[in-house]
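One chain, chain A, appears in both complexes that follow, with chain B as partner in the first and chain C in the second.
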Partner chain A sequence: MRNQSKFSKLISIEGVVILTAFVLMVIFFSLKADSFLIPDSIRYYINEAVPIFIIIVGLTFVIIAGGIDLSIGSVLGLSAGTSLMVSMWGWPFWVAVIVGVSTGLAFGLLNAVIITIFKVNDFIVTLGTLYIAAGSLTVLTDKVQLTGTEDASFQRISDLSFLGLTSSIWIAIVIIVVFELVLLKSPFGRRIFATGIGEVPALISGINTQRTKFVAYLISGGLAGFGGVLLASHLNSVQSGLAGGYELTAIASAVLGGISLAGGRGSVWRAIVGALFLTTLNQGLLLMGIDPLIFQIVTGLCILIGVIVDRGVYKFTLTFSTQTREVNSRSRDGEVVSS
Partner chain B sequence: MRNNSFADIPSSKAGSQILKMSSISKRFQGVQALDNVELEVRSGEIHALLGGNGAGKSTLLKILSGLALPDEGTISFQGQRVEIESPREAQELGISMIHQELSIIPDLSILENIFLGQERLITQRNSWTPWVNRREMAKKVREVATEFGITEVELWRPAGEFGALKKRSIEIVKALVVQPKILILDEPTSGLEEHEKELLFGHMRSLQRRGVALIWVTHHLDEVFGLADTATILRDGRSVAETSIKGKNLNDIISLMFGSQAAALIEQPRIGRKSGKTEIKNQFKSLEVVGFKREGVLKDISFDLWNGEILGIAGLAGAGRTELMRALMGIDKIDSGSINIFGKIEKIGHPEKAYELGIAMVPEDRKALGILSEFSIERSVSISNLVNILKSGWLNAKKERELASKFISKFSIKTPNSREKIRNLSGGNQQKVIISRCINSNPRILIFDEPTQGIDIASKVEVHKLIRELADEGKSIIVIASELNELIRLSDRIIILREGSIVGEIDSVPEKIQMNGYELVEQDILHKSSRVNV
Partner chain C sequence: MTPNSAVDNSSNSLRNRVLQDPSFGIVSLLITVIIAMTILEPSFATSGNVTNIINAMMTVSFLAIGMTVVLIAGGLDLSVGSTMAVTAGVAGKFIAYGMPMGVAFMWSLAIGVGIGLINGLLITKLGIPDFIATLAMLGIGQGVILFWTQGVPILGYMNDAYYYIGGLEKIVGPISVPMIVVVVISVVMAIVLKRTKFGLELYAVGSSPISARNAGVNTHAIKISAYAISGLFAAVAGIHIAGRTTTIPPLIGKGYEISAIAAAVIGGASLLGGKGRIIGALIGALTLTLTRNIINLIGIESSWQAIVTGSVLIAAVLANRASAGFSRKRLRRMNT
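Here is the complex of A and B:
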């Protein structure tokens, strides 16, 4: 009994399960694949994943507020297109940044207005804007060849090296830290949680839930725009279909990190650990020489297992929290999880 | 189950023992929830199960209905030792439960609701067809349904169209389909109007006549008299007494339930406070509601509120009480009308604005509207006024903990620590947390909508005391309570709503009770709130 309550305390610490899984995976791959722990290779694949990390931050806000944003992937792609285009026109790099971010903000605003003011289902609205953004990029790349800018300062946004890491990675770290602080330590962040737990009780306790959601969608859009700028700067070329499907990777990462799609539960770093897990998994499989054709299957399995374990842990901690008298017959003695 | 119609349950010999639970003990994570509890039920009796929050009623019922296993103790049913390991086993023995939260699916017809999950009772008869035969279903329940006030036509209507009483009836008929010998009713009168309660009590008597033993859990002790035969009283997980109800009065029961603490539960009326229109020193209007209109709900409502007074709002369900409060809080939009608050004309378009102006609300339906279930006590208390816990612009965990601790000790909220999630608290303690949340927003006007819904009598008295103290501090209080008794005893002044209009007002309520007696005041209100429009 004693051990069990210690155990339940340990696993009820937020994010412990995914973090443990991540560490185990790293150990596994470093034993199985020789080149896995080489700093250069780590730096490389993390650098490639930066745009995803950045949209996950915004997505976390939206999901915790009880919503969903499917448009982030294709908005990121479109923003990459618009910023690169402006840079190719010969405008200074900061104008390109502003244009890219504004593209994202515009889509965030569109989502926010339709969802919070016209009260349309968030899934459908962002599915719609996903198509609009993806289609716009197709039209744009059809009209203009976005094959690269001459402006070196635009490219340096992402590829400067500082203390051994690229500026992309540094920017991502700053964004993660700042937005995590906002989420966990600011009144606005607290309202995000309250809104996601229950819109009606939150409203009755005096929170402007609409405005809270509105801002969450703006953040999501704006960060997708900024992620697009970084991607454009890094690739220095944009084609139709760029970053399509990023939203699914982002959602999968968030869910793996234990962020409840029902809202009200999670944090930025947990979603990031989820993303690190998925990217590292991919890298590890690659280095082990496993057929890339089965990567998606493995990824899918990991998501399923992760979610089932997370669910089990959540129920387990519910059952064994000090006060709860709820006894459901299945986890009566905790056999579901602890065995 | 082979009977063609289950309307004719063979009535078992009244008075013979049907259930005996002996020396039941159960521990949860180091907490002794039940300690050697005894429960003996005879067929055809109405057996009240009484006790404060945390006394162990729900744990005992969980064990009886197969949701939990006892650590120690035995259960015998009709003289035979049984182990009840799942709800299905309980049902097969003949033990059914009607939960406090109704499990009715609004889009299905009453008939479909009655047979929900029990379709096998129909299909086994004509097993060559896998789908349910509605005519067969209707034939089976027609007679019983009529007895419990559901007409044949209503059987085919969606259940969502009907009110709380009919939903209880649906649950009763649904429970009868499996021919229970014991029926557990958990707070069956919650959400019912006074006259509906009488009808429900009639239903309970006809269940009794059928030989069904009823185990009845209620916080409304006054309901027990004249209806229940026996009561088992639990206190702190122990059975204190099994007693016949005859010859007992409310105070006897209360002292059994709460022991030595019972004396503190007798409420003193607030006499001597002048209320209403008589303007006296230190009294001022804190709120003036002018011409609130909302199509089909509120018809030109105007009233005043003074500082330091408790204004009760009476009326039947559908009279517009809650709707008026929602409009005042800015939750629902109104077509026209304004408020004059502390001398300033304002429009409230959003609850956020209401809080800014110093109006806070403790809503009805705590589970759905009150608590933010995932929040800890700390977060639940601070959420309506986060400015209070800021330190150089950021939320400060220490300040937040101190704030919560202050309220936990001030209102004696029972919890292991301030980080416990609010959903794990008992109803009374949840309500205290929500009241703390409102008070933390420094309101000048506090609205309580059904403040004691579903909480035990001890917590109820505490909440009442709290409301009176707030009024004594000079805050203006508006109270809505379906239970007229509660409303009359709590209020200084009462306005009566009917069909969205104010139809009467009673000043200086405590004085009137003292002069004319409680009954006269109650009759006055009942008369005004239910008079039929010509």
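Here is the complex of A and C:
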């Protein structure tokens, strides 16, 4: 009995499951693929994944507040297009950054207004804006050839090297740390958690839940815009369909990191570990010579496995680590029926 | 009560029934738009264009009927587009390998139902939120068809019979096979929804799963069947679209889930469950197809299609909400 409670205590520490899985996977791949642990290759694929890390931060806010944002992927693509276009017109790099971030903010605002003011299902609204943003990028690339800017300072935003890492990795680290602190230490972060745990209790205790959600969608849109700027600066060319499907990867990462899609549970670093897990898995499979076309299947399966494992662990810790076993099992049952 | 007042009453109720029909607004809008386009745009009412509209409408209709069934049961199926692509791929590849057509179609339909069953089991037995389970299935399905075809469009499966199935060859006059299939499926599903115990249970599960369960309905079985029906119709759509396009690009199903949801919602289905009609799904499919056709005719490039579809979806959901609020207000006024 004592043993079991120790094990359940360990497993109930946030993020232990995904970290263990991550470490095991790294060990597996380093034995299987020789070039897996070369620092250059690690730096390379992490650098490629930076835009995804950045949109996951925003998505984490939205999911913890009890919402969902599917539009982030194509908003990121569109922002990459607009910022590169402005840079190609000869504007200085900071104007391009502002334009890219504003594009993201505009879509965040659109989502936020329709979801919180008109009270429409968040999932459908962001699916609609996903197609609007993706379509806008198609129209934009039809009109303008976004083949690259001559402005070197725009390209330097992402590719400057500092202490062995590129500037986009440093920017991602700063964003992750700042937003994690905001989420965990600031009153706004506590309002996000309260809104996600239960809108009615949060409302009763004086939290403006709709405004909290509104800001969460704005953050998600703004970060998607900034991620787009980094991607445009890194690739220096934008085609139609860029970053389509990133939302699938982002949701999979959040789910793998144990962020509850019901809201109210999670943190930024766990979602990032989820993203590291997914990108490392893809890289490892690639180095083992497996067809990259299979990655989408892997991502989809990871979403399912992540949700199932998370529910299992949550149920397990509820049943074994607390004294109020029957109360919990009853409340879980009610939840299953209502969902 | 005099006979006169009874007659008065019944004519009043007929008028009320037309006016209070949930699709009254969208149908009158459609009629206005069709009349306006016929007058303003000479190429709109030509037989070629009408055939085009009807042919393009079929694919969305199949998906929208399945989506309506799932929405009535209180779920949501995002995987329809990718299921359609996979089943189209199965039909095309198997026929290209030399399998008899009927057997290939059976495989297609079985795989569609299988994907639907998996969705339903994931959602009910493992308690995964419906949109996450079907979103994952969307990714998996798309990955499977990409991996299987290696990104190369599927060719070499078209034969004489397939031209009829895709609606490119007509049977009699303007009547084509897909039209007959849509009508048959619609009539059957409308009867199932309105006249059978299963239909009643679907609405019950969607309106309130807890009360339905307390009333003895097997909510899990009902939901699983709803997803299986959606998978089946996605496979029908897959078989049809393979014939309509004569090649199957791997990403053929991309974006169809949003069209299907938009069509169902325009037709009066609610994302909260418990509402929706088959005729509504058809009206929604017609609305979407007409919108796209008109965009093409008035000379807007086809690259705008995604933007328009996304906007139509959001507008439909907003209108749905507004009309629900409106009828609630009217009900309150009538009660007081």
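The rule is short, and it goes like this: the second predicted complex is superposed on the first by the 314 of 339 C-alpha atoms of A that agree within 3 Å, B and C clash if a C-alpha of one lies under 4 Å from a C-alpha of the other, contacts with A are read in each partner's own complex, and residues count from 1 in each chain.
Note that in this section contacts are C-beta pairs under 8 Å (C-beta built on N, C-alpha and C of every residue); 3 or more make two chains touch, one makes a residue touch a chain.
All of these numbers come straight from a predicted model, not from anything done at the bench.
K.L.:
Tell me the contact category for A:Val16 with respect to chain B and chain C: first, second, both or neither.
P.N.:
The answer is neither, since A:Val16 touches no partner chain.
K.L.:
Among the partners chain B and chain C, which is in contact with a greater number of residues of chain A?
P.N.:
Of chain B and chain C, more residues of chain A lie in contact with C.
K.L.:
Is A:Ala194 touching the first partner chain B, the second partner chain C, both, or neither of them?
P.N.:
Only chain B is touched by A:Ala194; chain C is not.
K.L.:
Under the stated touch criterion, which partner chain does A:Lys185 make contact with: chain B (first), chain C (second), both, or neither?
P.N.:
A:Lys185: touches chain B, not chain C.
K.L.:
Which partner chains sit in contact with A:Leu24 here, chain B, chain C, both or neither? Use first/second/both/neither.
P.N.:
In the superposed model, A:Leu24 contacts neither chain B nor chain C.
K.L.:
Does chain B (first) or chain C (second) touch A:Ile207, or do both, or does neither?
P.N.:
A:Ile207 contacts chain B only, not chain C.
K.L.:
Check whether A:Val177 is in contact with chain B, with chain C, with both or with neither, and answer first, second, both or neither.
P.N.:
neither
K.L.:
Report for A:Ile117: first if it touches chain B alone, second if chain C alone, otherwise both or neither.
P.N.:
The answer is neither, since A:Ile117 touches no partner chain.
K.L.:
Enumerate the contact residues on chain C facing chain A in the complex.
P.N.:
76, 122, 126-129, 131-133, 135-140, 142-144, 146-147, 150-151, 209-210, 213, 219, 255, 258, 261, 265, 271, 301, 303-311, 313-314, 317-318, 321
K.L.:
Along chain A, where are the residues that touch chain C in the complex?
P.N.:
Checking each residue of chain A against chain C gives 68, 114, 118-121, 123-125, 127-132, 134-136, 138-139, 142, 240, 245, 248, 251-252, 255, 261-262, 291, 293-301, 303-304, 307-308, 311, 336-339.
K.L.:
Going by the contact rule at the top, pick out the chain A residues touching chain B in the complex.
P.N.:
5, 181, 184-187, 189-191, 193-194, 197-198, 200-208, 264-265, 320-325, 327-329, 332
K.L.:
If you look only at chain B, which of its residues touch chain A in the complex?
P.N.:
Contact set of chain B toward chain A: 28-29, 33, 58-59, 62, 67-69, 85-86, 329, 331, 350-352, 354-355, 360-361, 363, 368-375, 379, 382-384, 386-387, 390, 393-395, 415-416, 420-421, 424-425, 437, 441.
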